[in-house]
Amino acid sequence: MTALLEARGLTKKFGGVVALDHLDLAVAPDAILGLIGPNGSGKTTFFNVVTGIYGVEAGVIAFDGTEITNAAPPRVYHAGISRTFQRSRLSLPLSIFDNIMIGNHKRLNQGLWFNLMRRGAFKREFEASYQAARSLVEVFEPRLAERLFEPVAGLPMIDRRRIEICRALISQPKLLLLDEPSAGMTHEETAALMDDILQVRALNRNLAIIIVEHEMGVIERITDHCVVLNFGRKIAEGPYRQVAADRQVQEAYLGVA
Amino acid sequence: MRRSTTSIPIRKMLSATVGATVLTGLLSIVAEPAFAKDTVKIGFIGPLTGGNSAIGLGGRNSADLAVRLRNADTAAKYNYDLVGLDDECKPNVAVQAATKMAADRDIIAAVTHYCSAAAIAAIDIYHKFGLPIVVWGAVLPDITYRNQYAEVHRVNGMMINQNETNTELVSKLGYKTFAVIHDTTDYGKGHNQYFSQALAGKGGKIVGTFGVTADQQDFTAELTQIKALNPEVIYFAGLTPLAVRIRAQMDKLGVRAVFDGTSGIVSDAYIQGLGPLAEGTLAFLEGAPNAKLPGGKFFMEKYAAQKYEGPPETYGAFAYAGMDLVLNTIEKVGPDRRKVIDDMAHVKDRDSIVGKITFDDHGQNTVAVVTRYVVQDGKFVEWDDSEYASGKRKLPGQK
Amino acid sequence: MLPGAAALALATVYVIALLAVEKQPLVIGLLALAIVAVLGADRMGLLASVSRSFAEREDTLGALAILAAFVVAAFFHDNHFVLLLVVTVLIYAVAALGLNIQIGYAGVLNFAGASFFGIGAYTAAVLNAHTAVPHLLVLPTGGLIAALIGSLLLLPVLRTRGHYAAVVTIAFALLFKTFLEVNDVLGGPQGLHVQGMNIFGWSLNDNMAVGDIDLSFYLGYFVVSMAMLVGAFVLVRRLVRSWIGLNLDAMRLDETAAGCFGLDVARWKIIAFTLGNFLIGFAGALFGMVGGFVAPNNYTFADSLLLVSILLLGGIGNPWGLAVATFIVVVVPEKLQTIQEYRFLLYALLVIAVLLFRPEGLLPRPMRRYVAGWRP
Amino acid sequence: MDPGLLAQYVMNGLMLGMMYALVAVGFTLFFGVLDVIQFSHGDVLTVGAFVALATYIGLRSAGISSSPILLLAMLVVAIGAIATLGLLIARYLVLPLRAAPALNTLLITLTLGTVLRESVRLFYPQGADPKSFPALLPTSSINLGQFNLRLDNVIMLAAGAAVIVGLQLLLNRTKLGLAIRAVAQDEETARTMGINFTAIVLFTFALGSALAAFAGIMNGLYYNEINFGTGLLLGVIGFSAAIVGGLGSIYGAILGGFLFAGLQTIGAVALPFAGAYKDVFAFAVVIALMAWRPTGLIREKISERV
């Protein structure tokens, strides 16, 4: 069967520094891929390249049969890839609902005439979106579902993560890129969050996930395949137990030459 | 025992009186001060802020002087209340001020505008609202001659006469080549036009003309070009702030030409702004200097007596005369705009501190005399009394 | 509902009083009273309940606000100057709304607001003088020209961010004023006269009389500018309460993230910038006809700052706040004649105080409600 | 064109450029350490010039007449006073607004500009009138054809250059400079390096404002006239110059300053249309430059963390 996302020979340089070095990587539909490696090994850079924030010097990215190399972020999103950010990038002054709707962009009618003049039709679309957002949030935290129109600013880290993931999931993407979802949370919180994600995934089967994570516990638990990066190069690939046992990998993490 | 009993009413009384005084105090803020005579509002507009505020304030004080003297006069029928507004010498501000004043029905008449740019923009408003006004300083002919507005009058002269006298003097001194710098307002443009016309008649040659904006700081580019053209005289048509900058920068660039200005630079601010560099600047002003005016002595004494801060400046006497004329008219026909306008149409040989006032059919006072000035030792001295005329000193290239 | 209505009634009475009094001690007293009252109400949480009732029953209260404005106008029906002030407030409010779309929602800095206002006014001056275009059509034309000239700045505006974007419009503001001053075709520093408005042969510059009550000609302009304000207000309202408003907010708060969720940043910046300039130019055209005169000095960088400060004072993104702020900025300096000389100074100090002690503005922007009165 | 004339234009351009550069450097310093625009910078310059003038008048009335002493005193007093002013601005207006959006800082400094400008106009004796500024430098000059080379202009250029070089040395050769650059690089790292962030910011504002005072005096000596509006346009031009050059880069600011002066001079003399259009031309070019190089000629290193 063919891969959902396939990257070949990706190379990205910042000035002299090589962030990605001829990286090959593939994700099957409905697979969960763990992307691990020491700090600065190029994990987040890979996400930024895939989502089109950075261009690449060399290499090809194909997604769902079409090439998206160096495509602008909006195009990547419309193709069916959405992401979360390492440092939470919610719009704090806006409400929970607003933030989730930002992720729903492609399923909302963006026409000027529709938005300004056809208020009745708009009301219907709004109510539908509200139901969608509400049911999604309920999966993660019923308590939040009651407070959809309150500002995000007041919420604790864990809730912000939940909302960020809801924002990424509301448009029902084919591929979800999770950038260190555990950052700034306790083990318990992280575990809870992972369960929620798996639950959502159970709801719509064909959702593939690439997760960047330092919490090896998380990786071990939810991924069925792992890719290990070091200095932008892929140094190991396979199920977690296998790569964890790999000598190169251990050196990379322990920093032994 | 007894003390305590007596002390209580005293305390009551005290508190009562305190309360009363406070109350009356409050009331006195609110209450209209009572007068025997009816109060009539009249207006003044001039540049009270900005680069020309010195002249504007001088004018305001002079107009105020006329009002104070009248209010002090027991024979006067009315008590006058002067409303002063600022036009900053800017057309747009002038229009706002004029609208404000003209729209206020209680204001019967006004003495308005030193800057031609401001006046020419505002006259339509006075016409629209039917407010009679007397211009006290602006010299652009169009102000009275562009339209036939019954509301608009002018006690001071126009720039035409100024430039006639100017060109006469400079050609008499033997100057042949001129460079012209004018600000691009109607004041500067007008002067440029009339100067060129007057000069053409006397065989002078204009080697270059430069328009500059009214708030320009750096003139080195223009002056460098002028330097290359090497004229004997630089004629400047504009107001004091620009004149100060240009004269100073001429020196920087070693431009040795004579600086020949218009009525717009005759001000103490010009001297203060330049110090010794002002020496030898020529300038022209319609009307006689305060000292030589018919009522000059009287005016200066009264002005000094009021202890205003700052002098009446060049046009103070005209502001006084204009206001005095307005007051006389109101005394005569009563506080009614229409009547004032009708009466002002027939002003003929009225005595005033600036001499006899006669309005032609455009409301223009015919002021024949134009005074020639040269800066000598930090003062605007009348040309004939100056050491330049006597030949004791010489302007650059003076024959 | 009730708190809002009560607040409106009080405001109306206060406004009439403030506009009516001339004596400086009274003016100062009234202003002081207002400050004390507002602070007090804030302490007692009254302001909160007022804004809540506005959020819930905005349409009803909006209608009441319009009514209130007409009451004020009727009260001063023959007072030229007060009506001119009121009209000025209404027109500036429209311009502020336009600027608010740009800065308040889309986060596109525009420090040339007064320039686009001026473009509208000059359009009116030229068209009224040299063409037979119906004056009601001249108004939107002013907006179109402003938007058109604004589009010259689109490329740099789109490519720059933050302070770099600021310099583009600042440079334009200075360029615009100098250009007007040095080019004679548009009257140079002297400016141009603008013919008064004339609708279907009825000249708004003539005084009217109903029976033996004579009415100021500014009443006509009041009606026109009121209509314009209501229109702009409704437009902005619907804009905010739609996916468009959401897009603009998302773009302002985090361009990169918004892009990652499909937002075409360029497209929405263009829409916001153009729409804003259109409203500003629209208002400018009317203001030109009301003032009857346009000159470069009306449209300086300082005037642009004044517009921006109105946003800030009112509470960025809140149209109601803008209305209040516009009133303060336009009327207070006019009433405080005694401090004529010091008006700019005091005004600047006020803005600084707001920025330091109440940066969210007088009426902070509430959470978005997509459908008025809708409840989950 | 006559070589003497050309030389004259170049000289005019250089003098303007030097003043613009000094102002622009201030903007870029502030932006470097705090990522803010101190928009009242131009009016701070005005205040500096007026402080110097007041000092001069005071000393003259005290009977001191030797130009060098007067000039020195003016420099010391003005620079001291304005450095303090800059420090106060940073402490009470800019730092408190760090959390707020950049727009607020922009506005508070802009309105502060109005406050300073109006205060000079209202509270300096006859502050509304243009003031004569004394010529304290030797004014002897050589006339080479159309070119009038004045000693005082030469001295001012040299002094300006010296100041900029001195600033460079301060930033690149001293511990203090290192600290400033560290803060400019990354606040967090600087803190962890044990650098007193606030102190450095305050110092930088004092430093930048002192430069403005210097530029103000230079402006006065060059035009022999100052008024309450002097700094307004200088400020805006300085800001544009800093931006065009590339915020945060000293070289960029200097480049931008001279570039702008060059554009004005060219606009005034070397273009088909009237010289009055020189500012229109200069600002139009600025806008075009922003479209071409959105982050300035010398690119600011933006590394947006995602």
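Going by the order they are written in, the chains are A, B, C and D; count residues from 1 in each one.
Going forward, a residue touches a chain if its C-beta (ideal position, glycine included) is under 8 Å from a C-beta of that chain, and two chains touch if they have at least 3 such contacts.
This structure is a prediction, so every number in the text was calculated from the model and none was measured.
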Contact-richer chain pair (by C-beta pairs counted) among B-D and B-C: B-D
Distance-to-centre winner among chains (Cα means, whole assembly as reference): C
Chain B and chain C, separation of their C-alpha mean positions in angstrom: 36
Cα-centroid distance, chain A relative to chain B, in whole angstrom: 74
Length of the line joining the C-alpha centres of chain A and chain C, rounded to whole Å: 43
Where chain B touches two or more other chains at once, by residue number: 49, 184, 211, 213
For chain A, residues contacting two or more additional chains: 53, 85
Contacts with 2+ other chains: residues of chain C: 178, 181-182, 256, 341
Interface residues, chain A side, partner chain C - complex: 51, 53, 72-74, 76-78, 82-83, 85, 89, 91-95, 98, 101-103, 105-106, 108-110, 112, 115-116, 119, 122-123, 126, 130, 134, 148-151, 167, 171
Residues of chain B that touch chain D when the two form their complex: 49-51, 53-54, 184, 210-213, 215, 217-218, 220-222, 224-225, 227-228, 240-241, 244-245, 248-249, 251-254, 269, 272-275, 277, 310
Touching residues (chain side chain C, partner chain B) in the complex: 23, 25-26, 29, 79-81, 84, 178, 181-182, 184, 188-191, 193, 205, 291-295, 297-298, 340-341
Touching residues (chain side chain D, partner chain B) in the complex: 2, 5, 8-9, 12, 15-16, 121, 126, 128-132, 134, 141, 143, 146, 148, 150, 153, 222-225, 227, 229-230, 233, 264-265, 268-269, 274-276, 278
Chain C partner contacts - residues on chain B that touch it in the complex: 29-30, 48-49, 86, 90-93, 95-96, 99-100, 103-104, 117, 120-121, 124-125, 128-129, 183-186, 211, 213-214
